[in-house]
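Just below sit the structures, each encoded as structure tokens.
Look at the two complexes coming up: chain A is in both, with chain B in one and chain C in the other.
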Partner chain A sequence: MSGASTPAPAPSSLPDRLPREPRWKALLKSERFVLGAIGVVGFLILWEALARSGSINVQFFASPTMIAAAGAREVQDPGFWSDFFISLTEFLSGFLVAIVLGIPLGLAAGWFPKLNYALDPWLNFFNALPRVALLPILVIAFGLGIWSKIAVVFLGAFFAIVIPTVQGVRTVDRKYLDVATSFRASRRLLFTSVVGLATVPFIVTGLRLGMARALIGVVTGELYAATEGLGVIIRRSAETRQGDRMLFGVLIFTLSGIIGVELVRAVERRFQKWRPEGFRR
Partner chain B sequence: MIEQGLALSARGVRMSYIDQSSGDRLLAIDRIDIDIREGEFVSIVGPSGCGKSTFLKIVNGLLPSSEGTIEIAQPDHGRDHAMVFQDSSLFPWYTVLSNVAYGLICQGVPKKEAQKRAQPLIDMVGLRGFENKYPYQLSGGMQQRANLARALTVDPEILLMDEPFAALDAQTRELMQAELLRIWSEANKTVLFITHQIDEAIYLSDRVLVMSARPGRILEDIRIDLPRPRELEIKRSPAFVEMADHIWRLISGQLQDDKLASPSA
Partner chain C sequence: MSAAAQPAVGRAVPRRWRFPGRPSDRVLYGLIGFLIVLPLWELLPTLGLVKRVTLSSPSAIVSVAIQDFTSPAEYLRINAPLNLSSRVWNSGYEYIASVDTWPIMVPNVLHLPSNLWVSAQEYMVGFLLAAVTGILLGLALGLFRRFRYLVEPWLDAINATPTIALVPLIILVFGIGFTQKIVVVWLEAIFVITLTVLSGVGAAEKKHLDTALSFKASRRLRFTSVILPSSVPFILTGMRLGATRALVGVVVAEFLASNAGLGFYINFSGTTLRTDRVMLGVILLGMFGIIVGELIRRIERRFDKWRPALR
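And now, the complex of A and B:
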């Protein structure tokens, strides 16, 4: 190596912060968004055209504009809102009880092996069992009102939450427990600073699965036997060949599911700031 | 009761791992005797897999030994020992600041004060400005420095260090070695230090213990009589080079026994 040296490159002009494009501009440039939008709008137009030309039976399948019109009528009807709130109550009560009981039980069963051994067969059994199959007996036990629905929502969500939580506690990386032990962390601190936080991703998975089960519970429960609720609207509209009203009911359930998933995402973001972006599911 | 003036005393420590599925026993370390005086800096070197980490975990109380005893002097106040783990063991769910303050939290120090006391150590390891980053946002070397700061925050009497500088570049490594020596001499700590770098072991230590291939035993206990404070140039002195050569031969002899050495070695 002699004195010959290349001059240092000019300081890079990369800015510290990348300038942000306006959102709508970025969206329009995004192939994914544009093609997605074309797909959705294209399908709706096709559906509408088939309905107007009489190729499909609007008594069953309605059309996008008919569903919109039915929706506009329903939201002005207090009866719709009372059904909506019944369904919401059933969903929230069952799901919340499942969370409040399921997470602590899952943490405890993951932490105390003996408790886990004792519960494991039943957890697996109930997880395999399609809980909506218990509806007939739940309706007889709890009646046609909201309680049988709350019960089926609870059963649906509870096991979906407990099982991943147990899994999460049992797979906490040994080295983190070693660190806490090495600093003489109390058992309580070991639990709150290591086990609980390491398990958060698993709990979130449980919440997502539980949410789906809870929604299925509400729909099935109300379709099977109920006097009030969105499911009843769907059932009655179908029986009277009001495809537009029925599909509006289905749409409301779908939207609720989407909102629910977004809420779980928000919880996830709140508790998982520490995970690199690519690992967030 | 541990003998006066000793910080740590291990007698006939053996340890075997038991394979969960087959029930086979794997003897990791075999009858280790070590005495470490208060304020002494002792390094352990040895081939990979010979049981160094295992021994350190036993000293730290994380693993039970199968046989033998370990005694550790109990200080009048504060922590007896703290450990710097081999691989990054920062809690991924805590920021750098919370990680470094963790040991104090474990002692029941209130969060605010623990974080205040953690700050100087974060500065010392050169992580100022990264307090609120999560471990995944740090490089491997930065994680190791945070690891070191976490152990130092509790001001332990004995520092157990498992290859703490392995992921650092040569310059940072030398800086950290100098910092460690400064803390060690100023605060009169006892250090048990594991490394793969022979020159690092000699440069830092009062004694270097060379371990055999698994099952690990102490092959030789080498006193390093180089004067302190030591300058970096000392690594080129004949006495230093000779000791390094000697240790190198001991270890590669072990590797040959193990048929691990490359044909050219």
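And now, the complex of A and C:
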């Protein structure tokens, strides 16, 4: 197969699109990607080597391959999945209740200044307080089961959602309100067509912050006092020196943190345009 | 709150006449909020609508606060119950009395000032360590692009992890004690500081940098005269966020393993069903959080002028 045997290609018109580099080639050229990959792989290799040579104690810092092996073992164990779903239930129920109660309260507090003044000291207090400090009371009130964790997840996320929502309502662009009022929009219409929509980006930010807080709530609640859940896997594995299993549990939390934050961030980007000038990020 | 946070919503009606000397709406309605909540809190357990053990009451909290702040620091003299009534004889073996309890000295683990001091030490050392290392790391990441690319994935991963999950590991490695608390507090606080400082270095205004460059400012001068000053507001914001996280770190580290400190006080009282003490500890924590946050916010406001406009 040589160039001489094939007929010379007809002089074709210009391609309508410039040939694009394949994605992986573009990635390889990006310094950021290459260095990032080197950082990840290099550190993993270093970790593995140190663990194999016995410089670090694998009972505590299990090597990456050991963690992977532990993970492969765990996912075949129905016990792990039941713990996983317990943690997921706690997270989702607490977070959902926080959304359902937090958004309306935030909108109301932003809309009615007097309500805002009355609530403000309490919101500030609970926001400055590490919510996990309430765990002993929650355990006394709701027991060791999932209810006390749902409560602490709820408390964690609730204030993180309410506070940006209040801020969102109170920073609605003046000119939109003026336009609406000059067209004699009722207060109700003002709320549904201007304020409600302008607040959406702030609510989404609240959701992102609340998500992180909720995850902290799940972990701390389960480490503190629980009988089931991923936190219990971490605690028990630490107590029995199963470093690989413990770090696998931590890894699950890392992954859920990343997935959760990315999900909300995608929503956040979608509503970025709605954000008033000066609050855009 | 700046002028931008003024309520934008409301009817444009002329201001109503108000009684001279009447407090502002903010103070008035804030007080009304307290006046609704506190009596309700006092009444609910008294009426038996909520169990006293789950809610306690303001009066109980006040009295236990006085008790625990004023009790002797080292030992407490208590009357311990005896299993059986015991007889007491004098030196001549004459019968004096029968007793059911016997005074003994026990270590006063619930002495609040000493518990507060323990937590304050852990908090200050851990937080300052996190602030110093976090700011340095953030600046380094912002200045050296390649270094940032190298560690970015790990930074993002750790930032997404609830670092509380690593507390059992920290206990294994550092044992139970002061070091373990410091490490937990440090780990909780450092990443938010680092990431905020990093975004501050990135936000240094292009035009200032360009001006410095056109005057042939050296790399060092550009850092000290442009990048560092414009990062100051971000450093302070990072410290404020880190201060909140550090408080979480102190509480959780003390919850999971400790024999002194405010977290210990709360946890110990919780396991002995003394909700009044738990509430007291929680209130002290909240007040501490507000004070530290407000302090840093004051300093932050002072440097707000330096903040570059974001984009």
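Some points to look at:
FYI, the second predicted complex is superposed on the first by the 247 of 281 C-alpha atoms of A that agree within 3 Å, B and C clash if a C-alpha of one lies under 4 Å from a C-alpha of the other, contacts with A are read in each partner's own complex, and residues count from 1 in each chain.
Everything below uses one rule, namely that contacts are C-beta pairs under 8 Å (C-beta built on N, C-alpha and C of every residue); 3 or more make two chains touch, one makes a residue touch a chain.
Everything numeric in this text was worked out from a predicted model, so none of it was measured.
Annotation for the three-chain superposition on chain A: chain B and chain C fit side by side. In the superposition on chain A, A:V179 makes contact with chain B only, not with chain C. By the touch criterion defined above, A:V200 reaches chain B but does not reach chain C.
In the superposition on chain A, A:L189 contacts chain B only, with no contact to chain C. Once the two complexes are laid over each other on the shared chain, residue contacts for A:R265 go to neither chain B nor chain C. Considering which of chain B and chain C touches more of chain A, the answer is C. Applying the stated contact rule after C-alpha superposition, one finds that A:L223 touches chain C and leaves chain B untouched. Put simply, chain B and chain C get as close as 6 Å, counting only Cα atoms, in the superposed view. Residues 181 of chain A contact both chain B in one complex and chain C in the other.
By the touch criterion given at the top, residues 57, 60-62, 79, 82-83, 85, 87, 89, 91-94, 102-103, 105-107, 134-136, 154 of chain B touch chain A in their complex. Those residues of chain A lying in contact with chain B across their complex are 175-176, 178-186, 189, 193-194, 197-198, 200, 273-276.
Touching chain C in their complex are the following residues of chain A: 31-32, 34-36, 38-40, 43, 59-61, 110-111, 113-115, 117-122, 124-126, 128-130, 132-137, 139-141, 167, 169-174, 177, 181, 190, 195, 212, 215-216, 218-220, 223-224, 231, 234-235, 237-239, 241, 243, 246-247, 249-250, 253-254, 257-258, 261, 278, 280-281.
Contacts from chain C toward chain A in the complex involve residues 4-10, 12, 25-30, 32-34, 36-37, 53-54, 145-146, 149-154, 156-158, 160-162, 164-169, 171-173, 244, 247-248, 251-252, 255-256, 263, 266-267, 269-271, 273, 275, 278-279, 281-282, 285-286, 289-290, 293, 310-311.
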